[in-house]
Every structure is written in structure tokens, then in C-alpha cells.
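Same chain, two partners: chain A is paired with chain B first, then with chain C.
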Partner chain A sequence: MGARLELDRLSYRYPGADDCAVADLSLAVEPGEIIALLGPSGCGKTTTLKLIAGLLESEGDVRLDGRSLRSVPPERRHIAMVFQKGLLFEHMDVEANVGFGLRMRRTLKSQIAPRVHRALDQVQMSDFARRRPLELSGGEQQRVALARALVTEPRVLLLDEPLSALDASLRDDMRELLLHLQRDGGHTTVFVTHDQQEAVRLGDRIGLMFAGRLSMYDEPEAFFERPPTRKIAEFFGATNFLEGEYADGVLRTAIGELKLAARVTPGRRTVVIRPESIRLGNGDNAFSARVLECRYLGTGMQYRFAIGSQTVVARLPADVTLTAGETVALQLPPAALWPID
Partner chain B sequence: MSDLDREMGTFLILLRNKIRNVPISIAALLALLPLVPVALWSVSGSWRFPALWPEAWSLRGFRHLAEPGTRFAEALATSLGIAVAVTAASIVVALPAGIAIGAHRFRLRNLVILIVLLPILVPPLAVTLGIHGAFIQLGLADTAVGVILVHLVPAVPYAVLILASVFASRSGEIEATARTLGAAPWQAFLHVTLPQIAPGLAVAALLAFLISWSQYILTVIIGGGSVLTLAMLLFSAASGNDPVVTGALAVVFALPAVTALLLVLRLLRPRVDRAPALDRVRWAPGSN
Partner chain C sequence: MLAPALVVIGGLFGGGLADALAQSFGWFPALGMHDLELDAWRAVLRDPAILHSLLLTLYVAATTTAISTILAVALALALRGSSARLPMAILHLPITIPYLLAAVGITLLVSQSGLLARVIANLGFIDEPRDFPPLVYDPYAIGIILTYVWKETPFITLITLALLRGAPEELEQVARTLGATRRQCLRHVILPRIMSGLLAAAFVAFAFTFGAFEVPLLLGETSPPTLPVLAWYEYQSLDLADRPTAMAVALIIAIVTGVLAVVLLRLSRRFFNV
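And now, the complex of A and B:
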């Protein structure tokens, strides 16, 4: 079973750099939980993993089950890290690769082989035990790298962009495998990704990072339904922002009055609504809208509408067929309007 | 990626590697070609001017070398001993330097690189004349140790250059992976770094060996004639008038160089060569 991982005000500055790569980062991961560190490239996600693994010396503290890892070197942390590209030891065959950690920790010889084979079995690579890494595809290498980490029974598993190097078709399989192994083994897992969808699909919780700082740490739904800032809402694909003056339960905007379900303090306010929350039809907050542009998305249609001077983007079912120039009634349901800072 | 794409890819990789070997082979040929007349001389009995080919064959040259009076065995042993010592010392010095310069960024790094390269930028002869004075005071002149030390002057910079480039192309993440799997720093170096840099290490070692092996002037100045190497024997034979003995000596002298060349060619062969194992290469016509 994995350990509880706590990061306490972690900071790190690369030698010679002006800004911190990671600044004042605190978060906790419960035992057996899998969390995503999400953010644009260069935001300090991978650096954070290296700090957790002890590969870089940081300010602040990393704690496992409450015990500080300050001054504990990487090899004694029992935190296994899988880097972005499989990074297998090319001079060893698959079996030797997977057994590496056990050999380094001087596990009894008689125990190594069965554990290695079980690990290879878990990632469905048993038939490849004698292969060399260069003879494997990217996906196969990734699976071996995962087995090599899991076989050491790490207290925390760190994964750096585990799926980004794979083809789209392999990615789904690998994601399922990863989730399955993680749930089965109860490994406390932190993975890094720049892909918002991946973070949502894999993560129990998501830590969103911008410029070395943790902007938000919460369950995936919260990023869609309750984004605290415009930047976060935009990162998660919300495109419609409406600004106005709030008083007496309504927001007076350029396009008219909007009823809000959420409680808001009076004053100048901005609300956000996701493209998929906008509906056709009448009701509260219904407006007459002109179709500007339509685009087929495969799973639905994306339309750009003009409501007066405001442009909104809406995602509607594929069976809705509107043509540019047409005027329709568009509803922004009060419950879907979320106030942001 | 479709199956066909993958098969085309495999085919292209194989083809590319074949083509890539062509210039290497030409280079090898050019390096070996001048040795042909020397090799012919070494086994000729009689070879007068207009003849394109020796008129008679003999092993006189090699038999002559085997005679005790020629000091050939002694020179061979000295050359080998010095070259091996220079190789070992070069690697011991160049490995940490190569790691530092290749894998790390630090203040005054460019200055350090310049200082490391200085011995091959400044003519070694000029350096050696200065060193000679110091070595006389230290009692190192006219000794094998002195010769070994002076051979390090041109050998170390090349070894550092090679190893620095080896480490510059490594991200260090492979060692980091090993660390998180439970390897202490020395274990990561021994089990991961060392096997992976082995080809680069071998090239650096071979180069250091050859630099020492073919050294003449530095040996003469510091060794002062009391340290007799094969290069010195060859030099005096070449200024004599027996081309057969000179040829035989040259062949022995060239042997390590040729061996080294072949070894390096093997080591430098693109690693991808081995990548598509036979059971994965499925582009044979008609198989699809």
C-alpha cells in the first residue's frame, strides 16, 4: 500500500536562473490516490517530481506518512520515478531491466526472478523477457519501465508524461493499464501531464501549475464547474466570459440581465459559461442569437453565436443543424453561470 | 501508424544504416592504403626500381628483428608498457574532467575547457622543452615515468574532448531513474553509466594509446635516449638504408594502429543496426 505524501512549501531554483522553477508548493496526496500535476510546459511539473524523488535538493520538505525525507537520498526514499521516455537500460534485456531495482537493494536471488516475472505479467510483457530495449516499440518500452518501477514496491510512484510519447491508439490501452495497476496495487501516484483530458481521466485530483506555483488543487469536476479564475477556466476550455454589474440577484451585462444561481457579492463581476452548457430554447437567460459560424466536431457541433455585441461559443448535439446567418433562441442556464475572480 | 508505414520505416532504417557505412568504409580504405607498399617491402627479398611488384619474397626483415642485437624486443616492451600506462592514466584523469565539462554547467566552464585544450593548441614541442628543465630538477628526465607523464600532455586533452562529448549527449535521467530504483550513486555509475559509455571510453582509450605509441620527439627529449621505444627504432631504421628491415618494423609498428582502427569501426557502427530484430523485420516482398 502506498504512503501518504505531503509536500510542504517546496521551492527550487535552478542554479543561475532568476525565477523559481517551483515556488512554495504545498499539497497532500492520500495513500493509494493518483493525482495529476497539470500545466503548460515549463511550469515546473517535472521539477516537482524530481524534488519529490530527491533528485534535486529543495527548500521545504517532503514527508511520507508524516516522516520527513530531508537528507534522505533518492535510493533510500522508495519513491520510484518513470521518466518521459521509457529510459530503459539499453545494455540489459527486459528481464534484467525489471530486476534492476531488486538487485540494487540486494533482494535474495531466489525472490528476484518470480517477482520480475509477476511484474512483467502485470504489464503483459512476459513474452518479451529476453528482448533488448531497442527491439521494443515505444509502448512496450513504457510498459517495461512501469514494471521496473512497480516491482520495487515503491511507496510513491512518480510518472513523467507517461502517455505523451505514445500513439493515440496505444494511449487508451496504456491509460487503462496504468489505472488498473494503480488501483490494484494501491500505489500513491503523482503523474505529470500537459494534457488537460489526461489529467481529468486519470487523476483523482488535479494540481494545476502555472509558473512554478500551484494555482488550484482539487477534484477534476471543480476545474470545469467551479473554476476560481479566468486563467484556470480558460485552461479547461471555458471560452465564454460575461462581465457586468451584480445587484439583487442579477448581473447586468452588455447583452442584458443574467440570472445567476450562485451567490455573488454585489459589484463588478465576471461569469463564465462552458460551451457545452449553453442550450437552444427559451427559459431563464434566453437571448436571441445569430449563428456566425459552425464547425463539425465529430461528437457534436460547435457554433459561434452573436448575442448583440457579445460572441459566445456553444457546443450542441450533432443533430442540431443550424446555418450561418440564422437567428435562434439561446439559453444560458443560471446554474451553469459561474462567477470568477 | 499503419503496418505498412512501420514496415517502410524498418526498411528505411536498414537502408540508411547500409548507406551510412559507405563513407566509413572509404575512410578505412584510405587509411589502410599507404600501408600496402610498406607491407610488401617487409616481406620482399628483392624489389628493384621499375618493378611494380617484389621479384622475390623473404622473411629476412622479420628474422632480423628477432635477433637480440637489434633491441627490438626491448623497444616493443617499452612502447607497450608506456602506451598502456598513458592510456590508463589518461582515462583516470579524463573521465572526471569529461563528466564535469560534458554534463555540468558551472562558472568559468569555458576557461576550464580552454585550459584543458591548451596542450594541443600550443605546440607540444614548446611545452616539452619547458617541461624538460623541470623534469631534470625532479629527476624525471631520462626515465620511463617522465616519458609517460610527457605523453599525457597531448593524450589527455583528446581523451577529455571525447568523453565530454559522450557525457554532453546524456541527459542524466537514466542515472536518475536508477537512483529512484534504489541504486546508490556508485552503483548507478557502475551498472548504468559505465556500460553505456563503454564505446566512448574505448575510443578515448584507443586514441590515448595511439598518441603515446606514435610519439617520437617527446620521447627523445624527455627520455634522452635511455628510454628506447619502437618509434625511435623505426626512425633510426628509416634513416638507414635497409628498406626491408624498415618495412618489417613499420608493419609491427602499424599493427596496433590498424587493430585500433578496426576496433573503433566496430564500436562506432550505428547502434540502430541491431534495433529491428529479425522476427520484427517483415518487409520481405510478398509477405503482406
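And now, the complex of A and C:
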């Protein structure tokens, strides 16, 4: 079973850099939980993993089950990291690669072989034990790298963009394998990704990072349904923002009065609504809208509408067929309007 | 595309080697020697002095290469994360100095009348400079080895640095998270990764030391001389009949170097998958 991981005001600045790569980052991961660190390139996600692993010396503290790892070197933290490229040792075959950690920790020889075979079996690579890394595909290398980390029975597993180097079909297989192994072994896992879909599919919780800072740490639904800021809402695909004056239970905007289900303090306010939350039809917050543009998305249609001077984007089912110039009734359900800072 | 280069290489080295081989078998038309014979080879292979010279040459080349390689790896490991220019400039300096000047410099520094002997005598550690142990013209060829180590360490260091910087840093990081200490990383991850390149660099240094004559000629004992010095003596002999012997000795140097190259290549393929 994995350990409880706590990051306490973790900060790191690369030598010669003006800004912190990671600044004042605090979060906790419960035993057996898998969390995603999500954010754009260069926001400090991989650096955070390296700080957790002890590969970089940071300010702040990393704690495992309440015990500080401040003076514990990487090799004694029992935190294994799988990098984006697999990084297998080319001078060793697959079996030697997987057994590497056990040999370094001086595990009894009689125990190494069965554990290595079990790990290879878990990642469905038993038939490749005698192959050299250069004889493996990217996906195979990544699975061996995963087995190499898991065989050491780490208290925390760190995965740095484990799927990004793989093509689409392999990525699905690998994602399922990862989830299966993680649930099976109960490893506390932190993985890094820049792909919000991947974060949502794999993560019990998501930590969203911008410029080295943790902007939000919550369950995936919260990022879609309750984003606290415009930047976070935009990162998760929300495109419709309406600004107005809130008083007497309604928000007076350029397109008219909007009823809100959420509690809002009076004053100048902005609300966000996701494209997939907008519906055709009448009811509360219904407006006459003109179709500006249609786009086929494969699983549905995306429309751009004009409501007065305001443009909104909506995603509707594929069987809804509207044409540019057509006027329809468009509803912005009160429960789907979320106030942001 | 490669033909012109192959012609030049074949002409220069292959032609030279063939000519040396012919001369070693006594075929030297310019001197009116037209009969192929084994006299020179027989004499060389039966002469115990040649064996002494071969052993001395092997000792000098192997010791120099071993010391230079160990120092180079240590230096490269220390310098690989640094972007400071001064250490790199200092490292490049010995490479630009000719071997002849290096030998003179070492003599001035470590001979019994050299700088080091005087300083140590002045400090009172020895009574007189001549009490300083002989490090040039000595039976252990220390002066020769020092000169070669000074020249070859930077060469191997620069190659090792390039090899180290070519390996992703994250390879060591992944090893550390799997439980390897820094020392284990060096032994099980870094050295195996750079070993084939390092062996090639060490071999170049060995081959050069094994075949060069200037430094042993200047700083070595006259008896036994190293093989290249012996070949040089025979080649310079006023008696042109000694020429086949000179060529036979030179060919022994080429054969030993060639055999070592093949062994090294096979070892690299066998152990380092190169």
C-alpha cells in the first residue's frame, strides 16, 4: 500500500533563473490515490516530480506518512519515477533493466528473478525478457520502464508524461494498464501531463499549475463545473464569459438579465458557461440567437451564435442541424452559469 | 564518393606498409637487394633485447594509458556540469604543446637538476638536488610516462566529457530513484554507457604511445630502448643492410597495435553492444 504524500511549501529556482520553477507548492495525496499535475509546458510539473523524488534540492518539505524527507537522498526515499521516454539502460537486456533496482538495493538473488518475472508478466512483457531496449517499440519500452519502477515496490510512484510519447491506440492500452496496476498495487501515484483529458481520465484529483504555482487542486468535476478563475475555466475548454452587474438575484448583462443558481454577492460579476451546457429551447435565461457558424466535430456539432452583440459557442448533439443565418431560441440554464473571479 | 579518400589512405598507409613488409624480407631494389629472405625477422625474433624492448614499450604504453584514462574519467566527471571556461582552457593547453617541448618541460621540472629537486632541497627535505630520485633516464621510464600522461589526459578527458554530455542526465536520475547510490550510478549506468567510446579513446592514446619515439628517445634509458626508438636507431644506421631489421621492428609495432585494435573491437561488441 502506498504512503500519504505531503508537499509543504515546496519551492525551487533553477541556477541563474530569475523566476521560481516551482513556488510555494503545497498539497497532499492520500495513500493509494492517483493525482494528476496538469498544466502547460514549462509550468513546473516535471520539476515538482523531481523535487518529490529528491533529485533537486528544494525549499520547503516533502513528507511521507508524516516523516520529513528533507535529508533523505533519492535512493533511500522509495519513490520511483518513470520518465516520458522510458530511459531504459541500453547496455542491459529487459530482464536486467527490470531487476536493476532490486540489485542496487542488494535484494537476495533468489528473490530477484521471480519478482522480475512477475513484474514483466504484469506489463505483458514476459516474452521480451532477453531483448535489448533498442529492439523494443516506444510502447514496449514504456511498459518495461513501468515494470522496472513497480518491481521496487515504491511507496510513491511518479510518472512524467507517461503516455505522451505513444500513439493514440497505444495510449489507450497503456492508460488502462496504468490504472489497473495502480489500483491493484494501491500505489500512491503522482503523474504529470499537459493533456486535460488524460488528467480527467486518470486522476482522482487534479493539481492545475501555472507558472510554478498550484492554481487549483480538486476533483476533476470541479474544474469543469466550478472553476474559480477565468484562466482555469479557459484551460478546461470553457469559452463563454458573460459580465454584468449582480443585484436582486439577477445578473444584468449586455444580452439581458440572467438568473443564477449559485450564490453571488452583489456587484460587478462575470459568469462562465461551458459550450456543452447550452441548450436549444425556452425556459429560464432563454434568448433569441442567430447562427453565425457551424462546425462538425465528429461526436457532435459546434455552433457559434450571436445573442445581440455577444457571441456564444455551444456544442449540440450531431442530430441537431442548424444553418448559418437561422434564428433559434437558446437557453443558458441557471444551474450551468458559474460565477468566477 | 569515397574512392579518392580510399586511394589516398590505401596509397599512403597500405603502400607504406607493403613497402615496409617487402624491405623487412630483404627486398630493397634501390639497394640492389632482390632476394626475399627471413634473415631480419629471424634476427629480430631471436634477439632477447627485442623482447626487453617490447616489454618496456608495452609497460610504458599500458601504464600511461591506464593513468591517463583514470585521471581523465575523474576530471570529466568533475567538469561535466561546469560551464566555467578556465578549466577548459587549462585542459586544452597541453594538447597544443608539441611532444618535444613537453619532454623538455618535464626534464626541467623533474630531473635531478630540475625545479622540483631544487625546491625540495631548499625546503630541507633532501640535502642536495642530486639526492632527488631519478625520474628521467630512469629504468622505470617515469619521465616518459609523466610526459605522456600530461599530454594524453586532456585528450581522453575531452572525449569523455563529450561522451558524458551526450548521455541524458535523466538516465542517472532514474537510476537514483530506483535505489542506486551515486557510486552505483557511476559503476552500473554511466561507465557502461560511455565505455566503448572511452576504450576507443584510450586505445588511440595507447597506440600513439606504443608507436612514438621522440619522448623515449629524449627521456628514456639507452638500454633497453623502446621499440620505436630501436626502429629509429636501425633506420638511422649508416649501414643500409640494417634497414630490413628496422622495418621488421616497425612491423612488430604495427602488428601488436593491430591485434589490440581487433581484440578491443570484439570486446566492445561483446560487452557493450556496440
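Basically, the second predicted complex is superposed on the first by the 341 of 341 C-alpha atoms of A that agree within 3 Å, B and C clash if a C-alpha of one lies under 4 Å from a C-alpha of the other, contacts with A are read in each partner's own complex, and residues count from 1 in each chain.
The definition used in the following text is that a residue touches a chain if its C-beta (ideal position, glycine included) is under 8 Å from a C-beta of that chain, and two chains touch if they have at least 3 such contacts.
Please read all numbers here as calculations on a predicted model, not as lab measurements.
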Sticking to the clash and touch definitions up top, decide whether chain B and chain C on chain A clash or fit.
clash
Tell me the contact category for A:E75 with respect to chain B and chain C: first, second, both or neither.
both
For A:A53 in the superposed arrangement: first (chain B), second (chain C), both or neither?
both
I'd like to know which partner A:L87 touches here: chain B for first, chain C for second, both or neither.
both
Looking at the overlay, does A:L108 come into contact with chain B only (first), chain C only (second), both, or neither?
neither
First (chain B), second (chain C), both or neither: which does A:A168 touch?
neither
Looking at A:P15, would you say it contacts chain B, chain C, both, or neither? Reply first, second, both or neither.
first
First, second, both or neither for A:E135, with chain B first and chain C second:
first
Starting from the residues of chain A touching chain B, keep only those that also touch chain C in the other complex, and list them.
50, 53, 55, 73-77, 79-83, 87, 89-91, 100-101, 104-105, 132, 145, 148-149, 152, 158
With touch defined as at the start, can you tell me which chain A residues reach chain B in the complex?
15-16, 50, 53, 55, 73-83, 87, 89-91, 100-101, 104-105, 131-132, 134-135, 145, 148-149, 152, 158, 167
Of all residues in chain C, those that touch chain A in their complex
168, 170-171, 173-181, 184, 188-189, 192-193, 272-273
Can you list the residues on chain A that touch chain C in the complex?
50, 53-55, 73-77, 79-83, 85, 87, 89-91, 100-105, 132, 145, 148-149, 152, 158
The chain B residues in contact with chain A across the complex are 1, 105, 173-174, 176-184, 187, 191-192, 195-196, 271-272, 274-277, 280
